[in-house]
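In order of appearance the chains are A, B, C, D, E and F, and numbering begins at 1 in each one.
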Amino acid sequence: MLDVLRINLCSPLTLSFALGVFARLVRSELALPRDLYTGLSIYLLFALGLKGGVELSHSSLASISGPAFVTILLGCLTPVSAYLVLRRLGKFSIADSAGIAAHYGSVSAVTFIAAQQFTTSVGAPAEGFMPTLLTLLEIPGIQIALAIGAFQMSAAAKASGGDQANQPGRSVKEIMHELLTSRSMLLLVGGLVIGTAVGETGWKPVQPVFEGLFKGLLTIFLLEMGLAAGSRLGDLKQAGFFLLAFGIVMPILHGTLGAWLGSLAGLSVGGCTVLGTMAASASYIAAPPAVRMTLPEANPTFYLTAALAITFPFNLLVGIPIYYEISKRLCA
Amino acid sequence: MLDVLRINLCSPLTLSFALGVFARLVRSELALPRDLYTGLSIYLLFALGLKGGVELSHSSLASISGPAFVTILLGCLTPVSAYLVLRRLGKFSIADSAGIAAHYGSVSAVTFIAAQQFTTSVGAPAEGFMPTLLTLLEIPGIQIALAIGAFQMSAAAKASGGDQANQPGRSVKEIMHELLTSRSMLLLVGGLVIGTAVGETGWKPVQPVFEGLFKGLLTIFLLEMGLAAGSRLGDLKQAGFFLLAFGIVMPILHGTLGAWLGSLAGLSVGGCTVLGTMAASASYIAAPPAVRMTLPEANPTFYLTAALAITFPFNLLVGIPIYYEISKRLCA
Amino acid sequence: MLDVLRINLCSPLTLSFALGVFARLVRSELALPRDLYTGLSIYLLFALGLKGGVELSHSSLASISGPAFVTILLGCLTPVSAYLVLRRLGKFSIADSAGIAAHYGSVSAVTFIAAQQFTTSVGAPAEGFMPTLLTLLEIPGIQIALAIGAFQMSAAAKASGGDQANQPGRSVKEIMHELLTSRSMLLLVGGLVIGTAVGETGWKPVQPVFEGLFKGLLTIFLLEMGLAAGSRLGDLKQAGFFLLAFGIVMPILHGTLGAWLGSLAGLSVGGCTVLGTMAASASYIAAPPAVRMTLPEANPTFYLTAALAITFPFNLLVGIPIYYEISKRLCA
Amino acid sequence: MKTVPLCLLTVIAESVLKKRLIHDVREAGARGYTIIDAEGEGTRQRRVGEILGANIRLETIVSPEVAERLLNVISTEYFDRYAVIAYLSTVSVIRGEKYV
Amino acid sequence: MKTVPLCLLTVIAESVLKKRLIHDVREAGARGYTIIDAEGEGTRQRRVGEILGANIRLETIVSPEVAERLLNVISTEYFDRYAVIAYLSTVSVIRGEKYV
Amino acid sequence: MKTVPLCLLTVIAESVLKKRLIHDVREAGARGYTIIDAEGEGTRQRRVGEILGANIRLETIVSPEVAERLLNVISTEYFDRYAVIAYLSTVSVIRGEKYV
């Protein structure tokens, strides 16, 4: 276990993230240009999809249906559990609880990638169709949490005889459209389809870019993630102790649940680790704008700090090795 | 033929373009940052030039003079044929006819690259000096079409006793300067010269970037091209049926002419295919700003839609294989 | 010597720089997007640090202490010599002398890289810890020159009974903070630390990006440097003959001093060449903003033109081979 | 040169609102708008370089009636819950008839 | 603080005109200008993200005479055939003498 | 719609001054500011695309007193030695009380 932790901590990925946090702590002017950040995230998502697609072209439908089912199940369970914990135990407002739950119901692509790299490096690579599961998990969690929020708030408004009716809410259709056609969705699913269609032959000539550069560019991306997380550290106090604990304990619970469901669905140790990590991770790309648009009453400091400055580094540093150890035991 | 078409359709390049179009059709917010687009086009042009230069350093002057001559001939013929068809058959205004003709007289670098990739993948690589021909074809077509437009418009103005004299036209010198020192010209020619000068030895250390990454980055660029073309699809109706037919038939005629002239000049099957594709393609990088500046009366919807949303995908999907089949017969 | 010069002149790096200058001379609109420039410089500095770090992990502390000492000595000597020459011989104002001296006391990372590439290509690679020396030389020179400027100016103000006291100077602490936490410092030192920590194992997966792409991306960066230098050429006349001579003679003196001190500290021929180049080079990334902020009275035309349009190309084209020849003799 | 005095309405808002603001501007009857990326700080929080994105600065030249309508929409829909600032000034527009 | 009232002329135009507008501004006698990249929509067509490029927003602080001269140039050369909007306002400029 | 007339102070300056200007704006008591990247040319020299960086355009809506204070700071600290231009206008701000 300690050895696994050391491998994880001493990788350029983790250390780049740490460098980014450090740069913010010493108030450096270091910043990645906005367009570089966007370009890198487009690259990472598309490459992820493409490579997943090429590997998917070797998988049978039968082998994927069980894992797909448990993934959708995870997408329905985790936002509810997160919401209940925040509202009941944490005494957060309806909007804040739903807003944070939307982040924990969805999934962080970078954490997913880190988990894939990790399982490969410890010699237990995950199934080739994992990126397919990623796309299945990305959206339902956000939707369910936002629906809970909207429903509860209008109930509360009615109870207090409020005039919430004049609030120009955004239609479910609009939100669904935005999520389904969002950048990450299109690139992931598009990459998957293209990768499956072209197979190994088509993949070869583009492999130097979409596979060869992957880890190096991810290292640069993590530098930026570190900068973003570092600039949130100052908000930790405002977020409070409960949110700090939530950002660490909830992932462990969701991670265990994910690994367990994965083992039931017959995934390998690597697959369980990655599915557990997906369940444990909190989105900070797809969820924030959706929540900001739909639940503006929710305080961004809470959900951004929890997802980005607590749960993301936690998963990156110690979470993934933990889910791996759990998966090893579950699959033994 | 069908097999060749399948190879062409199932490449990451074509499918990325399709993904971009699809993203626009479903009104996704996906967009490449402007600077990434500029950066990629700088890279592609420079890499094209460099590689062409390195290969040029193996070619003799004798072998290139014939092909160079027919290329310049193509640059003089195609804008005239395009103008006459548009003006006589299509009944377009002088400005619109000249504006569109400028695009079809010039050449699209990305279509050129796709043709090179295609000929390599079917085992009939083109001559090493093709990028040199590209630079020869880039400019004359635009110039001739603009000259026709200016000349015809002032004739028409005189005929109607108009006061076109007070129109502050841009001098030929200014336009030539802009075209000759344009980004694409400088990078292509500069790359050619540098590549020729450094030869294989100097090329080695930079090869991983300028050759290794080429297809992968082109794939990303085509995603953006798809987005641009997709956002033009809505204008197809406004462009009308004639322009749609023009955007498909004209390339076939120009492509056949190019392949035929190429075979006369002694090019290989691959060389004829690529030269045919160059003749068939329509510029959407160099031509649009030149036309916008010089012939503002021409409607951008016409020339952009024709070049980008009709002819570019047509060539990419079925044009190139057609020119290849034609070239095979011509060279047999 | 001539052969060495030819190798140097016929590399894609040098020729790309020349292409950039040429583009400006013909008033081309060619320009790298600002964010691409920033992105490339982030990449180059980080890659430099990482690779240096990996190689540092093989070096012993004993082998580095001598070179480190002479490097710091160089950082103290070169700004003083540059200041004295400019003030006494060149009759520049205090502010201008100090401002230019700050540039020549610091170091240009791109020139450093070019020297490393050069020594490798002539078969005399420098020691692995050179990037560590780079970070040692980056800052003291700027500081010392700025201190001289501030001190002399307040002395002059007192002498003339001036009211310089009300000038809201920036505290030393602030300037030091900015320099120590500057982008280049953080990326270089951060890269060094990460590279040392992860060693060969961690380096492998990111090597395709941080080593494979290095020369190619540097080629693109030098295109931009050429554009920047080219747009300064017009200022050469304003800079005057003295500055032109200074920008060529001073580097030779500093380069000889650096190579000599390097040989005293036991560096190899390659190491002496690179250390000499470092001493000879003038910063145009770290120094300009620091000088602009602290000595606004200094004319940017002088220091930018000298560093960028005179000394940088001089070192790139002929300086480095000269320092190599000198080093060969010193180490013989 | 003949000019027409018109209202220049400037809105600075967090960038997630971009699409909605464009929609509102069109709905209210404006003939056009111009948008620029911006960063800034206000009473709420910093909006620069964070994952949520920065600000946009939208300006639109409109008749006083359209300006009034737009301000109403903006203040009821966004003011309480989003980072938004809006201000009006009068400018002399060439070919101003086009924008009424 | 002493200020001088001067004309602030703002021109929003399609970006192919950038070089020519800068030339016109200098010719008309302005002492400086500031340019910002912009996107927008007007009565002609959308000018964002297309290959032709987006808009620029140029502002220049000038005397009323220079403003008048510039407006004349812009309206005869560009208004009919290019996507352009221009408007004037009066601002109080510090060290305003510099810009007359 | 009720609006409050306030001062809109616009400062265009070389971008090395960004941090210091933000500091000054806060010190002077402004409640917020908005910054946009710009390029331009003035009486000193071109500030675009050079290594030193381009310009920024800062705007802040403030009370007349704060504007006066800020102008004083800017003119004593920067005017002589840096490329800076600053101008004031009056705008009608919605929820203007917030910014005083």
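Heads up, the rule we're going with is that a contact is a pair of C-beta atoms (placed from the backbone, for glycine too) under 8 Å apart; a residue touches a chain by one contact, two chains touch by 3 or more.
Keep in mind it's a predicted model, so treat the numbers as computed, not measured.
In terms of the stated touch criterion, the partners common to chain D and chain F are E, listed by label.
Because chain B and chain C carry the same sequence, their contact can be compared by residue number, and under half of the numbers here are used by both. Inter-chain centre distance (chain A to chain C, centres taken as mean C-alpha positions): 42 Å. As a whole-number value, the distance joining the C-alpha centres of chain A and chain E reads 46 Å. With centres taken as mean Cα positions, chain E sits 20 Å from chain D.
Across the assembly, chain B contributes 29, 33-35, 208, 212-213 as residues in contact with two or more other chains.
In chain D, the residues touching two or more other chains are 36, 89.
Contacting chain pairs in the structure are A-B, A-C, A-D, B-C, B-E, C-F, D-E, D-F, E-F. Touching chain B in their complex are the following residues of chain E: 14, 16, 45, 49-54, 76-77, 81-82. Per the touch definition, chain F reaches chain D in the complex via residues 1, 3, 6, 8, 22, 31-36, 61, 89-95, 98-99.
Residue ranges of chain C in contact with chain F, taken from their complex: 31, 34, 168, 227-228, 231, 284-285, 288-289, 292-293, 296-297, 300-301, 304, 308. Interface residues of chain D, counted against chain F in their complex, comprise 10, 12, 36-43, 55, 57, 68, 71-72, 74-75, 79, 85-89. Residues 10-12, 15-16, 19, 22-23, 26-30, 32-36, 117, 208, 212-213, 215-217, 219-220, 223 of chain B touch chain A in their complex.
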